[in-house]
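In the two complexes below, chain A is the common chain; its partner is chain B in one and chain C in the other.
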Partner chain A sequence: MQNITRLFSLVLIFGVISVVAEVKITVKGSDTMVILAQRWAERYMAAKPDVTIQVTGGGSGTGISALINGTTDICNASRPMKPSERDKLKQRFGTRGVEIKTAQDGLSIYVHESNSVQELTIEQIRNIYAGRITSWKEVGGSNEKIILYGRENNSGTYVYFRDNVLLGEDYSATMQSLPGTAAVVNAVTKDKNGIGYGGAAYGKGIRELKVKADANATAYAPTVENIKNGDYPITRFLYLYVRNKPTGALKEYIDWILSDDGQSIVSQVGYFPIR
Partner chain B sequence: MEIMSDLQFTGRPLSLSRDNLGGHLGKGGSLPGSPLPAALGSSMPVTHGSSPAPAHRLNAADLKKRFRLDEFIAEKLITLVAFVSLAAIISIFVFVFREAAPFFQTKEAVAVQEEVEEETYGDDMVSAHAREGASRDRSRELDANASEGESTLGNLFSLSWAPVSLEPKYGIVPLVVGSMKVTILAILLAAPIAVLAALFTSSFAPKWSREILKPAIEILAGFPSVVIGFFALVVLATVLQDLLGYQYRLNAFLGGAAMSLAVIPIIFTVAEDALTAVPKYMTEASLALGATRWQTALFVRLPAATPGVFAAVLLGFGRAFGETMIVLMATGNAALLSLDFFEPVRTMSATIGAEMAEVVFGDTHYNVLFLLGAILFLFTFTLNAVAEIFIRQRLLKRFRGL
Partner chain C sequence: MTRWKQSLPYMLMLTVALPLLSLAQEEPATKAETTTRQELEETRDALQGLSDSFAEYRGIVDVLRKIKISGYIQSQYRSTDLVSTPYAVGAFSGGAFPTNSKGLFQIRRGRLKVTYDNVLTQYVLQIDAIPTGVSLKDAYVAITEPWTKSFGFQMGVFDRPFGYEISYSSSSRETPERSRLFQTLFPGERGTGAKLFYAPQLGPLSMLRADVGVFNGSGPSALEFDNFKDLIGHVAYQIPFDDIGAALDIGVSGYLGSTRSSSRYIYEAGTIANGAPGYGVDSALTNVSRGMNRHYIGFDAQFYYDLPLLGGTILRGEYITGTQPGLAGSSTSISALPTTPIYSRKFTGWYAYLIQNIGQANQLVLKYDVYDPNTDVAASDFAASNTSGATGLSATDITVSTLGLGWIYHWDDNVKFVFYYEIVNNEKLTNLAGTSSSLSIYSDDVRDNVLTLRTQVKF
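Presenting the complex of A and B:
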């Protein structure tokens, strides 16, 4: 009888230990970063079988909401967290969150491949998206109406573009909102008067415009070199957010992401390492 | 009504099978505790469920016991389930309105946070180039002045919808107009087709073709709307643009056209039922007076079934108004206020679908989305109620002259 009890308690203890040893990390947020985050998770889980990492997308806003609502450990975001969001986090968890820069990304402007326009200044892009320039003729193209495509407002790209290209202005109401960069690229492919924005994309039927900071500057294409050098004018960071200063398994994972190993995946996926 | 009170009065749970009901009615109300077989035996042969009636005289106590146990439990269970589903619907109703209500309450100002250095981790690894890039990001300084948006009626009825903005604008007018545009288009396209199809199936179609047509169209009602949306986005959009040559590939017209595919089966099914339910003597009388089949269908059947057909159209309207996936995929989702049917629109349902996942619980934006939900709810609820009660019952009688 005693033996059985002993055996039983042994099994129980081992069971508890194995449950504790199984570390589960949930990652949620930016659609731009979802492939990157998945690669990180795959590589890391292959090296550490006792860690399980769950990655989902949904948009930066979605990820930040999840961080605030307590349903994710790590939030991916392609834009910095807003002070108002940090305040909400503070109300729930007593912390304003910790920001980790993990990669760099350039935002491309796409047009249909048949479009004769080759380059635009930031100001022209701003006027186009704010609805002040409505014809391609005004920027050196054919006499056709410009059809605006953009992202849904839960996207970090939407917010980044609004703040840095539109300088905080609202988008024109005629902009069609689409869910994800792929949808934007697809829409521009099918619309010869369309214009769209998003991460680097290599699709048939679209062309990425060269962008110049102002009328006198040189126009740069969103190439690896130009983005790394900081010459291409529309670049941004890709962030991770956690609630508290990372410790334990979470810290190990984040340190690994920032290590050479983790950063090499950044280049593989098509973004740019931070160092 | 009489039967009900009778049942309650005797306090004996009875199954409402036709047999014992007939027995009760025949007797004109039985006394409490009167033996059942007597009540049953007076009219029809006693059969209960699948068990055949025994030839010999029934043992009253036996029968009573069986009636009490299994049927009592089953009946109560069904009642419970019915009430639970009813309660669920009511609580959804309450929930939607409760979440929408805070929009109208003045929020206490959130204490302004004193400037704190934002915590970062691993920044020492960031290269100088990258750091320079970060300093160019204007999001931080712009966001510092961002507000949550005024929750005022003025903002609510303004003409622009930009909820994620430095000064959020929650103008629902473009969304309401957008929903109306798409819905009206869908009904204009769907109603004639569906009603004519129903008229054909009920009055002209030979039996074999009716037997194929009716179930086929009804199966279409269960077609996943996301598939219709996808079809519209990929195929229909290109076809219609090539055909009509309009500017915007995704627009209200495309949304309406795709939606009509989802609405036709609903209107068809209800309208067909209404047309088939027109009493046979009317059709026969008309034909006997020398009217042709066409005249009979158009001037006798259709007018007689008008209330039902009208109800069908209203139901279709409600479905189209609340439909989300198709409009989310096919209308371009630009919150544009215009009456041009060939421009992109953003509907209320698509707005909820696209934005709900992103909002922070309890935010003004969150409340506004629930407000949109409440409007949708009220609208479809009213439409369905009108379709059900007013038209189906009151007008039905008047039109048939009963």
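Presenting the complex of A and C:
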């Protein structure tokens, strides 16, 4: 009996030690959020050396799949989960997942800095990306063909833009899909007839167009004030998803992300805090 | 002035020397520049070459990404209590045990599925390869309209749109097999036919899904054997309660179909000659080629709750009632032209699951299902006097319930182990105890419990 008690105690102590010693959190998903997530992780790990946070991108869809497969603890997503994705999570884990809004982002429309077009309506953007407007002349620019750049279909930005700007329509077949918003910005920088879309954090070095909700509305640039006020018409939330209501180390980390300290990093990276 | 004169030769020398010096310096600089320019051009050409190759391969990869290959293998060991019973033990628990065998290893499912997903059009082909043969499971085309992307059309062999358990994949299901109810009413789950579906992805209606289709009614692989087509439909709605970490999904299903009688004799619940409960026979000549009603209505609900500190809890239930055309010795749906008379029975059945996730890797399962193939008779109606002959009651009319207890361990996202024990209980026909009736074995519970130990690998 004594031997059993000793063995049990050893197993218990070993278990407690291994739980206490190793706190590892995996984060996967949105490429738009990958820099933000890395900054969060770096700051948090500096303050809590016993916690290891591993951040990878791959796109919102990839992150959500990893959440469903159980291969990540946190999923970063720049779009809400789809009903079909919620279904898969429900079937496997019995939950719809917990959605946490962590930041706001204005989706910018980029053109080459030499482009004379200054603003577009949502409808014009929709018609451009659906392939119905094909020349810059049709929207007040020069008589040049519009070259479309966008994201790949595993990207939350791709899905958000399609669902909210194109209202569910398909992108034109001529759009060149690029891996990451940085690649979109890079392509537009080199193409004087190019147009692209992406997060404000990637908008350095090219010109961001003003956007208006309709032809009679005021055009707004994707500035902090305009996005926070809700004036800029293409804004979205950036989410964290976890399978269950967070507890323990995971809860502490998410609470920290939502704290003043965590939200200050949101501003530093170029997004907009939710608090 | 003297100093100026003294400086003059030096100034002249400088005037001549400086341009010469700069020329001398310019020469090597131009060479370096030329070399650098050449190297840059070579690099640019190489990059352009890589870029062209990338674009070419990207085009190929984009096409290949639309093709998805998936599959899973379920290998298992099963054991039961008893062999050589009057009926096939384990028939509803992964297949009947061979005579004289109380335990066996088997490959229950060996699936390979190929999907070509072009967003609005889908091609799906799935086969099941096991030692007894290769069979077709799915073969269909699905097309979604491009305007609202909410309505779609599907045609081929696919899951019949009835209830919840049919379309819940065998690779995901927490129990080794579907309920006896579904195995009886929808053997093979699938049917050959066409359906329309409404499944909006955006807005408040994204919580709704509706499917309605027309099917041969003969099951997944059998050819059509009559001129009747069956109408099957299911409407489901999801109600999330995110504030409390819960969700409720509800659904209603309907089946309106017919099965052709080849005989003038049709048996329905009634009384036999001595007045005891049994079957009455209708022998009108017009019964040949008559369509016998196959009508079901079903209700399903699934409740999900994120139990703090433990994991998700799932409560799942389904109830179906209706009229089932079967044969004398079986109430399973008919899949080939019947050569013997049809027995029409009113039935009812239901199941309930409780699944508790414990952390990420473990799931505990409790399931109870009941199938009453003939609601017009109770256990007390069985007697030695009415359990023989064509109009008498048989084992087909006995209600069976199954209590299942299971533990699932998810090794990783590909591999899981299932430990599942089914306690199968038949109605106790106490009136037949000690009689010579062939059904006397059912005067007590038949020892036909089944233990399943399964390993599944999925990719």
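Following the convention adopted for this analysis, the second predicted complex is superposed on the first by the 251 of 275 C-alpha atoms of A that agree within 3 Å, B and C clash if a C-alpha of one lies under 4 Å from a C-alpha of the other, contacts with A are read in each partner's own complex, and residues count from 1 in each chain.
FYI, a contact is a pair of C-beta atoms (placed from the backbone, for glycine too) under 8 Å apart; a residue touches a chain by one contact, two chains touch by 3 or more.
Since the structure is predicted, the reported quantities are computational estimates derived from the model, not experimental observations.
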{"item": "Clash-or-fit label for the pair chain B, chain C on chain A", "value": "clash"}
{"item": "Touched partner set for A:Ala187, first chain B, second chain C, both or neither", "value": "first"}
{"item": "Contacts of A:Arg79 with chain B and chain C, given as first, second, both or neither", "value": "first"}
{"item": "Touching partner for A:Thr247 - first (chain B), second (chain C), both, neither", "value": "second"}
{"item": "Touched partner set for A:Thr71, first chain B, second chain C, both or neither", "value": "second"}
{"item": "A:Leu258 touches, of chain B and chain C: first, second, both or neither?", "value": "first"}
{"item": "First, second, both or neither for A:Gly94, with chain B first and chain C second", "value": "second"}
{"item": "Between chain B and chain C, more extensive residue contact with chain A", "value": "B"}
{"item": "First, second, both or neither for A:Tyr158, with chain B first and chain C second", "value": "first"}
{"item": "Chain B versus chain C as contact partner of A:Thr235, first or second or both or neither", "value": "first"}
{"item": "Chain C region in steric overlap with chain B, selected from 56-64, 74-82 or 290-298", "value": "56-64"}
{"item": "Residues of chain A contacting chain B in one complex and chain C in the other", "value": "69, 82-84, 86, 90, 96, 98-99, 163, 168, 170, 245"}
{"item": "Chain B-facing residues of chain A, complex", "value": "58-59, 61-62, 64-65, 68-69, 79-80, 82-88, 90, 96-101, 104, 145, 147-148, 152-154, 158-160, 162-164, 167-168, 170-171, 173-179, 187, 190-191, 193, 228-230, 235-237, 242, 245-246, 254-255, 258, 274-275"}
{"item": "Complex interface listing, chain C residues touching chain A", "value": "119, 146, 148-149, 168, 172, 201-202, 206-207, 238, 240, 242, 245, 247, 249, 302, 304-306, 308-309, 311-314, 355-357, 360, 410, 412-413"}
{"item": "Residues of chain B touching chain A in the complex", "value": "110, 113, 116, 118-123, 125-127, 129-130, 132-134, 136-140, 142-144, 146, 148, 160-166, 169, 174, 237-238, 247-250, 332-337, 343-344, 346, 354-355, 357-361"}
{"item": "Chain A residues touching chain C - in the complex, by the definition given at the top", "value": "69-71, 82-84, 86, 90-96, 98-99, 163, 168, 170, 243-245, 247"}
